[in-house]
Amino acid sequence: MITAGIVGGTGYTGVELLRLLAGHPDVELSVITSRGNAGTAVSELFPNLRGVIDIAFSEPDGDVLGACDVVFFATPNGTAMKMAPALLERGCRVIDLGADFRIRDLSVWSRWYGMEHACPEIASEAVYGLPERNRAAIREARLVANPGCYPTSVQLGFMPLIERHLVDLDNLVADAKSGVSGAGRQPKQHTLLGEAAENFHAYGAGGHRHLPEIREGLSESAGRSVGLTFVPHLVPMIRGIHATLYGRLVDTDVDLQALYEARYRDEPFVDVLPPGSHPETRTVRGSNICRIAVHRPADSATALVLAVEDNLVKGAAGQAVQNMNLMCGLEETAGLAHTPVLP
Amino acid sequence: MITAGIVGGTGYTGVELLRLLAGHPDVELSVITSRGNAGTAVSELFPNLRGVIDIAFSEPDGDVLGACDVVFFATPNGTAMKMAPALLERGCRVIDLGADFRIRDLSVWSRWYGMEHACPEIASEAVYGLPERNRAAIREARLVANPGCYPTSVQLGFMPLIERHLVDLDNLVADAKSGVSGAGRQPKQHTLLGEAAENFHAYGAGGHRHLPEIREGLSESAGRSVGLTFVPHLVPMIRGIHATLYGRLVDTDVDLQALYEARYRDEPFVDVLPPGSHPETRTVRGSNICRIAVHRPADSATALVLAVEDNLVKGAAGQAVQNMNLMCGLEETAGLAHTPVLP
Amino acid sequence: MITAGIVGGTGYTGVELLRLLAGHPDVELSVITSRGNAGTAVSELFPNLRGVIDIAFSEPDGDVLGACDVVFFATPNGTAMKMAPALLERGCRVIDLGADFRIRDLSVWSRWYGMEHACPEIASEAVYGLPERNRAAIREARLVANPGCYPTSVQLGFMPLIERHLVDLDNLVADAKSGVSGAGRQPKQHTLLGEAAENFHAYGAGGHRHLPEIREGLSESAGRSVGLTFVPHLVPMIRGIHATLYGRLVDTDVDLQALYEARYRDEPFVDVLPPGSHPETRTVRGSNICRIAVHRPADSATALVLAVEDNLVKGAAGQAVQNMNLMCGLEETAGLAHTPVLP
Amino acid sequence: MITAGIVGGTGYTGVELLRLLAGHPDVELSVITSRGNAGTAVSELFPNLRGVIDIAFSEPDGDVLGACDVVFFATPNGTAMKMAPALLERGCRVIDLGADFRIRDLSVWSRWYGMEHACPEIASEAVYGLPERNRAAIREARLVANPGCYPTSVQLGFMPLIERHLVDLDNLVADAKSGVSGAGRQPKQHTLLGEAAENFHAYGAGGHRHLPEIREGLSESAGRSVGLTFVPHLVPMIRGIHATLYGRLVDTDVDLQALYEARYRDEPFVDVLPPGSHPETRTVRGSNICRIAVHRPADSATALVLAVEDNLVKGAAGQAVQNMNLMCGLEETAGLAHTPVLP
């Protein structure tokens, strides 16, 4: 039995981690911290967990956290980098669901996140937690940077094309759409139901923090730097990301369907749909699966990829559990066999 | 291992039964029939079940169904009563998720459902499948009438008051609200997103089919006939029922909170919330739990009960599995431990 | 041409007032104040008003406001009572869309709103702005208390029954449902789309601020004090209130349909639907109309009333404009002829 | 006063036409036909129009329609082409909101719509009703093909770039998103709230009927044939289209903002937003305005255009009224000054 701790578990990724860990056969949740809600029972804040989780939020305490086998950070950016070094020192494995360790180039990181990095030497050993690319390294890692929600779907969608240089790598387009839970549980005006329902719009067209992360990841897959236009949009729904990806084929003879099926044949959480499919976000709701369809629109030299994931599961907490499983020598799929609820 | 069959599994209660049975540790789903979709893989129609269920829909076949330990009917009203007798003959247990066996008084049934009953002699032995009232009888039953969605929440909400005659039994009010999945998966104009979203209205104020069922059930709990005004409303959401129940207290000294807690102390699927609570439908989404809060508004002699359930689970497929567990001697909660996904 | 000012126009009632006044043939909007947004163009905050309103928010200034014929307060409770006296002094007419002048009994007001009243002498002259009851007094008023959103629909729904004592006045039940815009544009957790979508629940069962207002209004209609249970619910939609009202008939011979049609025959903004109707909130969206259906459920002595309004129009800004029209001697319906957009 | 008739007014474009014509100062609606609903009052089917429109649906009658100055077809594809010739013969002007006259190349039309064209000689005189490109011709036209909803937003968004060959014309990408009202009011499974809410997906990736229409329109703007990848998506909301358009700049020195402002300076229904904007679909709901923002993402040679419209107004009924105004010598903006309702 692995013991796990969560730092900052009152946001949407936090409550999702709670749900997943509560049902994990090999994990015991020892502690969950929240400065603002210390002393409150988890099930009071999240009544869906009544009878499922009976611990309360507590103040963060280095000794208590340090006694865990693995500690998850579901905190605002800038927190994990301050607390991780001491926990690693004590022998904990650390998985950061925030952005502190996602970008290898720390000058890029500082530019986008507006602060100096607190532990550059630790950052350099962090492994980017996308198992479909970095499985072996994750198995050996002490510190994993869990990918962002958009970056997971965009990278999984583009990887087969990028790795083999089948598309024009200088002009990739990722048109991405997310439910509002991606904006978090902190009250903000633009995610009020009164503002976001019956409405649709793009945002961050001038530059979004996930852009450098995706670009770095795709460049790593390509073995060279890539050019990408990334436009995120807000969808009037709670969960789900849909990435619509466009690349100009440089080799128009390739069998795209066969390529994707071969690339992901052994991946437990990537499902390549039959030819002609249009994946729906609801078919992965609450599950760790990313479903992908690949198309080649008639009369064009464009590869079109449609990828869906649950932004809070494969795009956050589920992928974190998958990484934990790998880091701790558990079955990779343990605790992650949720059937999406439909309708 | 129990073998189970489903007749008519392409509606919302059908796909929910599929999800629940696929995850049940003691059940093997042998067959699922659909005239319209025979030959189609279940996972083609419901991609959320890819990798979870690998059988296809088939034409209904008495021999195949008759070989099952238990057969569920998720069919339009009027189907189960024609097929059930032969299946019972063969030794199957039968659970009807439709309305064919819900009302004891068949003249009332015929009036509301607009047809003659096909097997009155069988109907008389059917047990009304509300375990919180009829657990012992369900254990012995060959044929269970699974309650309607509204009737489940209204009865669970009123029962503690009714059984002890604590409210004016002639003037009960049940103001109920349901998500649109209760209206089924058949295309209808009024449940199009373009009609039902950003909209709220009552319906059936002149009389709804669940009214006689609820009245009969409450009368049974009371040991005398009751008077009830029942008004259902359509909520612009997919799942969930919220019943707001009003009764005039005849005994104003009773401790309502204690009453409810005592009545449901041993019920695995009824959760009485702390005083002052307002249950939310999302906290039971995808789960078999009914959460209840009881209030006594200031300066009034009114008992106010708020009850929520997932109309497709405790209001349909989940309760059917609970009944199956009881009928087949399995653990009552087997296969029903789903943590609601929130948000 | 009337000149109008708005104090505090950045909330939902404010922007709705802006829309209505911008299209009013007899009104010129002179000034709109907002401390937080002074200097910002109205159309920058509300791009739906681009090309429609070209003024900017400004700091509140007594001279500028005092020069207006009429000043609307769309401010948090407690603001209007501080500023109204000086404006009345200068000869302005004042319409408060907040709650400062809604309750005649100021001790009750203080209890529910948690503050001392700032101008009791002025409060006593305020007219409650429900034209269907107080039209003549509104015409003469300097200061109008615009009713709350729930109170408008509940009172219009109950009035014909109450005025003639046709129902048990001690046991009225009002089960009300509102879209989330009623909770305002200030970011709050429970009205985030991630919390309020796909969810339904009651709130304020222990007591809501609109309860004393409704009770006082109904008591005035009845000429005696009434007993009321009022339970509001949050609907996952933006606009609209649906009040479902229950009263026990003391006279069961009355023709309810004829009663309602007669009572509202000359009312321009109350539409009594044909027998058997179920009004939908979307049929009044963006308009000042309240649609009402009255039912008598079979075998019962209950009068059931279904009333819908747009909470931001007839429940707030539209009724305020209607009151302004009356106070200023304009056509009562001027500027209020909006056809609801459907779907 | 112009007299107008509508053929087939029970769908969403029909009811929207009704709303717009009812408020038009220079038009009298003489007749609205519907085979299925002949004899039913318009306001019975659409209660939002109670007190606004008091005629009933009638059987189509050539004499009655032929007496109108202008006849709108809001019918399924294939109807207008059968009835239009006789109406033109009688001197009516005809505006088809369907697709019968949208595509100049009738062999392309037949391939996509699966039928032979019924009046090729008439089709050749039809004018494509996009005033921003064809204003002069529309003024002279007897027969106008009202553009599709997607084609309107995509063409308005791309036109300034295309007309001046500023982007790579062989590799345009249009990623478009629409509310479900675009799929019509006929009951279909995939637009049920239970299917479409809390869900997002692409459709028609293998080819959508609006693709040839858009391609033909853009080619006309360019003066040469263009290459386009067009992917539509279904958004869980009622109204609104958002087109996200990508083009590779061939001239990277152009000032995109100035280009768009100049191109649309005199257009009453195209609103170019300030630099850095993200237009929201709700800001045009119920109005005939198309709002556009143009971006050039950092470090890229991509022109990114964001365009929003109400699919039922500028994308259908509103543009039809705009065309009628032009054809009949009325003020182009007459009857089209609706302020979008927000929130």
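Things to note:
Labels A, B, C and D are assigned to the chains in the order they are written; within every chain, residues are numbered from 1.
To be clear about the criterion, a contact is a pair of C-beta atoms (placed from the backbone, for glycine too) under 8 Å apart; a residue touches a chain by one contact, two chains touch by 3 or more.
Here the structure is a predicted model, which means the values were calculated and not measured.
Among the remaining chains, the Cα-based centre furthest from that of subunit C is the centre of A. Our note on geometry: subunit A versus subunit C, Cα centroid distance of 45 Å, whole angstroms.
Separation between the centroids of subunit A and subunit B, computed from CA atoms only, is 37 Å. Contact with two or more other chains is made by residues 12, 179, 181, 185, 194-195, 197-198, 236-239, 279-280, 282, 285, 343 of subunit D.
Chain contacts in this assembly form a complete graph, since each chain touches every other chain. The touching residues of subunit D, when paired with subunit C in their complex, are 12, 15, 19, 22-23, 46-52, 181, 185, 197-198, 238-239, 271, 273, 279-280, 282-287, 291, 339-343. In the complex of the two chains, the subunit A residues touching subunit D come out as 171, 173, 175, 177, 179, 194-195, 197-203, 205-207, 227, 229-231, 233, 235-240, 242, 244, 246, 248, 276, 278-282, 285, 293, 295, 297-300, 302, 304, 306, 308, 343. Contact residues of subunit C toward subunit A in the complex are 12, 179-181, 183, 185-189, 191-198, 236-238.
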